[in-house]
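The two complexes that follow have chain A in common; it is paired with chain B in the first and with chain C in the second.
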Partner chain A sequence: MSDLARAVRFQNVHLAIVGLIAAVFIVGVFSSDRFVTVLNIANVQDQLVALALVALAQTVVILSGGIDLSFAGLLGLLSVLFATFAGSDPATFSAAYICILALGTAIGALTGGIVAFSGIHPLIVTLATSTIMAGAALLHTKQPSGSVPLFFEDIVYARFFGFLPWGTLFVIAAYVIVGFVLWRTRFGIRVYAIGDDERAATISGVPVRLTKVLIYALSGFIVALAAIYLVGRFGVGDPRAGIGFDLRSITPVIVGGTLLAGGRGGVLGTFLAVILLALLANVLNFLNVSNFYLWIVEGVIIVVAVSLFVVRARS
Partner chain B sequence: MADPVLAARGLTKSFGSNEVLRNVDFEVLAGRNIALCGENGAGKSTLIKLMTGVYTPSAGQVLLDGEPVAFAGPKESIAAGIAVVHQEFSTISALTVAENVFLEKEPRNRLGLVDRRTLRRDCIDLLRQLGIDLDPDTTLDRLSVAEAQMVEIAKALRSRAHVLILDEPTAVLSHREIDHLFRILRDLRGQGMGLVYVSHRLDEIFEVCTDICVLKDGDVTSAGPIADYDHDRVVAAMVGRSLGELFPPKSGPASDAGPALSLRGLIAEGSAAPIDLDLRPGEIVGLAGLVGSGRTELALAIFGAARGSGAVELSGKAYNRRAPGRSLAGGLAMLTEDRKANGLFPETSVAWNFAASTLGKGARALALAPRSEEERSRSVVERFKVVVDHVGQPISALSGGNQQKVLIGRLLENTPKVLLLDEPTRGVDVATKAEIYRTLRRLAEEGVAVLVISSELIEVVGLCDRVHVMRDGALVAELIGNAITEDGIMAVAAAATGGVAPRPNV
Partner chain C sequence: MMARLLGGTGTVRGRKTREILLLLAFLILIWGITTVLSPRFLSVKNITDILIQAAPLGFVVIGQMIVIVVRGLDLSVASIMATAAVLSIGVFDNTATAFVAALLLGALVGGVNGYLVSYRRVTPFLATLATMIVLQGIRFAYTKGAPSGSLPDTFRYLATGDVGGVPVILIVLIGVACVAHWMLERSVPGRQLLLYGDNPEAAHMSGLPAKRIVISAYVISGVLAAIAGLFLVGYVGIVDNWTGQGYELDSIAAAVIGGASLRGGKGSVIGALLAALILVSLFNIVVILGLSIEFQMVVKGALILLAAAVYIRRTRD
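Right after this comes the complex of A and B.
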């Protein structure tokens, strides 16, 4: 099969992460008899859905050689708007749902347009748009407010067989679809081409600017899904819902073996890394370790992971 | 003779007041391979760009199958069956061979999805037809440069082409790889394709081409069947003057003074071979070898811009903690081979570029007299006859030759005792070349020790008093006086390499 080519490259990374997941799991088992319970397993999944979605968005952007730091502002703004307009019946809910997805996509496309046509580094562009949206969200409401219909909360909290939330199935579907898009569409090939060598892509006729607009639009769309999920989970729209998600979305991408410089990597590594990080947070919790240590651990993981890739790239 | 597939009639191209191509006639015939020769800046690329729609001619016509055409861009010329393999690679190392060959032309099914199976099969078919043995699923970063070049050719020929233009295709290939390339080219010619082979390597041209067209400073100086030419006639047409006019007479043997620069067991980073080398005041020493033989790395290690271990003596004094700033202070200056990336500050003025390694020179009490850099640079502009409107102009507006003069002027401001010059005449016109050679000889006569790294064998032979040949990071031979010949250098430089090292320009 020819689709082995890109996947095989990171097989070692995938294996390493799976090994780490197993190790953390074993530590979890010994740390508490509440670890392997239906409740806790569902809980870990609830924790990872939003992160998994934003990390998926970030993976595509980073594969193309860019970076998107607008998630904090975007999640906050979309979440308060959704909670404001979702109302309490299916009709208003559906309208708000579609509008929020469209708005997220449009904001992403606009961001991508600025990145593609201005030549300003995406780091600066997306930080700026994030700040603008965070300000707009806080102007709209300073406190968590609004609501969603009860049936939506019911869906978010429903579990198959007691341990499998809708959110997980949703995340898996999203990863499969994006993975498929990267593999089987011209857009997907363009993402890798631009991320690896924008100059060569340009002379090969790749529409670099259009592709960038589409990439950030896709990112905005996926982040809108995450915003809607967060509102469903907390029952309100929170202008601060996205705080921290900008940098946290990058960790699993890097840990999962996608090159920060672009062109190499994929969604499978990100998916496994998200599971690893969520499990790690959960186990540290059982070990009564402060959450702030998790920040330190995540930071160390990023530095170590990036150094490993640098060393490997040199050899 | 048959009608040409592609022809240029009286093509002229000007950029502003600068006429880079004058009234050029050029014909590509089916089943023939025409060499397009000329020095850098002679107008080869401009002619290619005019015929493929990248540029619009200022005057004249491009004819395809006898009909005048005006391509609005490369897409149109490609659609018309003119394939170009550019010197600059367009392959993407993260993608597979098949993805690269069919980038933006991927076969798609009814749903618009890339049909991976057809993509793979089309690639295998195309590679087989071209006699290229590569796995379509390998990513390009696993291929050698030569294999990437093959992918580049396959990519150019993925849609039906009548004309294939190759721009300096062998710049990075080894002998064996070039043989493979030539076999493919002969096949294509046999299939009735018209080929254009842009190069200034004469032995290759004589081996693979059937016709030749020589450009010099925008004019066709000579054209005809290759059988009517020999080496000297092509060189004379390319250079426009005899070699005696190009190079100043060599000096006698170097003085008895102790070496200005002395290397003992110097190992550049990434190399395994320790280097011993002495440069005496007053001599011009050439460092010849294939691209990738470690010449630039050695120079960078001496200069302190790259790491290296071993002993260096500069004017008799140990110089061990090497760094560019300390080198310049100690009278050791270096000219980079990559002017654009490492030499110029492209958007700043000629004056500032000139003064970049001696900023603050002439300052009194930390204050620089207004316009002092401009005044200093003006003297260089006059001395080297740099063509420039005013020294406040950004240096990127100058031609390659004039930029190089400013950079050499910059080096001389440091009053060096040792000069390391990496490809000092790359991208420079003939007149400027002659001027640079004269300047180097004069400096040598004034007692400067000069080391010239060059891939232009004509230059090494014509300019240097002594030549060291480098291979795989080691100095493998020293040639002196009449022993310095192109054949002599090539015999050593290309001997017994692993088949990966490319050849120098001839």
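Right after this comes the complex of A and C.
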């Protein structure tokens, strides 16, 4: 298949998601007159920032044929540490900010190192590290605790024109940068190559182990950003902040057309899928459908999406 | 004799025996350390308690291991445990009916998992993730988020009672384990599971009913998870929406520590059960040491990594 054909096919997936987003939006418009309000639109965006970031991290890992289930523990640990050390003035805040990003990256690199050099399945490695980090977070503090400077909360809650939070701009920037890195840099090409066929990549001279370390390090860096955002949004560091984010981060990646086996897909699909899922949750809320049914819908969406992609890939 | 006991060299059975002896040695080491730390540990009652605590995980890990043998993964086991317990006990007053309903639900969900994996070619991870989420939704929609209903005395008895001093739950577990062991090691369907896991293409070409094999593995896992859910609510005494939370990951860890390979074709009932017992015994040490419960998680994670690393090293030799 030519590159062009491949690109067009993936645009079909994107088109389909955009169509679904439009459909959900229309349902939303009819469900309540509070749906298309500045406040609600900003709310939806606030809801999706953290998920968008962890899904972005997961996209890169899955593209390389791996999987990262350590987000629950990592988010919790980084959240409590950040809230503990952020203090109240810009100086301590900046120091904590940089340290948390560095720590997230280092933990990611360590995870990547274990995956790359031990040969243990990433699923087992990341589950184990997640458990360790969740335990460490709870040992540090059982209750949500700590604080962030007021100016940071002001930034997180600030909105341009009333409906555009900083978080959204931040997410878009992150997706554009990672998308650029994946499509236009040597590192990005290596990610796809490893995901497509690891042995072939090795034979072709791709430094597979180094690339894996970098992939998980990038994932850890992005998750650290999500942790900092969550602390800013809730005003405290919660050791349980990450619960559920490990599996929830996978849904948008898969719905967005990235194959779990790796090598196919990209960040645009993930981005659109995050919007779709956030909008769906919001509309179901307006329809007075309990969140419990959202789980059913989400499960069905995964199965339908995956079945469709598998059938397409075979034909 | 000694060489045979230690499993000769190179044969599959020999490697398996060595792995099991290694696990056994590790278990004895843990129990030894615990006894040194707290002399009261080594009593029949305490050991029985640990065995009972480990039993629900034992059921789940046997199923999980069989799924892993066919190159699968079952993330839905914890959700099946809770949903089977909540729905069957909530809907049916009669204990026997509830029991059968729970098993049927487990089989049904396992069937769906197997269908998605074999016919729809959905990655096991995603198929079972999806059923996990759907079941969670159904369960919470049914209970409206609150834990439901009272527990019939019969379930309480099944989980905590005993026959002639031997706990019922252990009798059932040993029965299930014997059947599973015999099936995997000696019966035709069991060998088919292993052959399929070892090489699906070859299995397909040899005319094995590949799809039926995969589906049956998930059905077994679903049914065992349902049984585990009923026993667990019986043991705890409360029907909770989050019954069995964490069992999906613990069971995967135990299956892998017990010698199952995520690449399929390899697994042992005895190894899986020993590994489950090791995990539970380790939690026990943490409690006896007076460390906080959270410390268990750190220990568990480190242990899983260590075990996986040791195991990988050994298979590379």
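We adopt the following convention: the second predicted complex is superposed on the first by the 307 of 315 C-alpha atoms of A that agree within 3 Å, B and C clash if a C-alpha of one lies under 4 Å from a C-alpha of the other, contacts with A are read in each partner's own complex, and residues count from 1 in each chain.
Keep in mind that, in the parts below, a residue touches a chain if its C-beta (ideal position, glycine included) is under 8 Å from a C-beta of that chain, and two chains touch if they have at least 3 such contacts.
Note that the coordinates shown come from a computational prediction; the quantities given were computed from them, not determined experimentally.
Student: For A:Ala22 in the superposed arrangement: first (chain B), second (chain C), both or neither?
Tutor: Neither partner.
Student: With the two structures laid over each other on chain A, which partner does A:Val176 touch: chain B (first), chain C (second), both, or neither?
Tutor: Neither partner.
Student: Is A:Ala158 contacted by the first partner chain B, the second partner chain C, both or neither?
Tutor: In the superposed model, A:Ala158 contacts neither chain B nor chain C.
Student: Pick one for A:Arg186: touches chain B only (first), chain C only (second), both, or neither.
Tutor: first
Student: Between chain B (first) and chain C (second), which does A:Val303 come into contact with in this model arrangement: first, second, both, or neither?
Tutor: second
Student: Residues of chain A touched: more by chain B or chain C?
Tutor: Greater contact footprint in residues on chain A: C.
Student: So which positions on chain A get touched by both chain B and chain C?
Tutor: Touching chain B in the first complex and chain C in the second, no residue of chain A appears in both lists.
Student: Inside the complex, what are the residues of chain A that reach chain B?
Tutor: Chain A reaches chain B through residues 2-6, 9, 183-186, 188-189, 192-193, 195-197, 200-201, 203-206, 263-264.
Student: Under the definition above, what is the set of chain A residues touching chain C in their complex?
Tutor: 67, 114, 118-121, 123-125, 127-136, 138-139, 142, 247, 250, 254, 260-261, 290, 292-300, 302-303, 306-307, 310, 314
Student: Would you tell me which residues of chain C are touching chain A in their complex?
Tutor: Chain C residues touching chain A: 73, 116, 120-123, 125-127, 129-134, 136-138, 140-141, 144-145, 249, 252-253, 256, 262, 292, 294-302, 304-305, 308-309, 312, 316.
Student: In their shared complex, at which residues does chain B touch chain A?
Tutor: 75, 86, 88-96, 98-99, 103-104, 106, 108, 112-114, 116, 119-120, 136-139, 155
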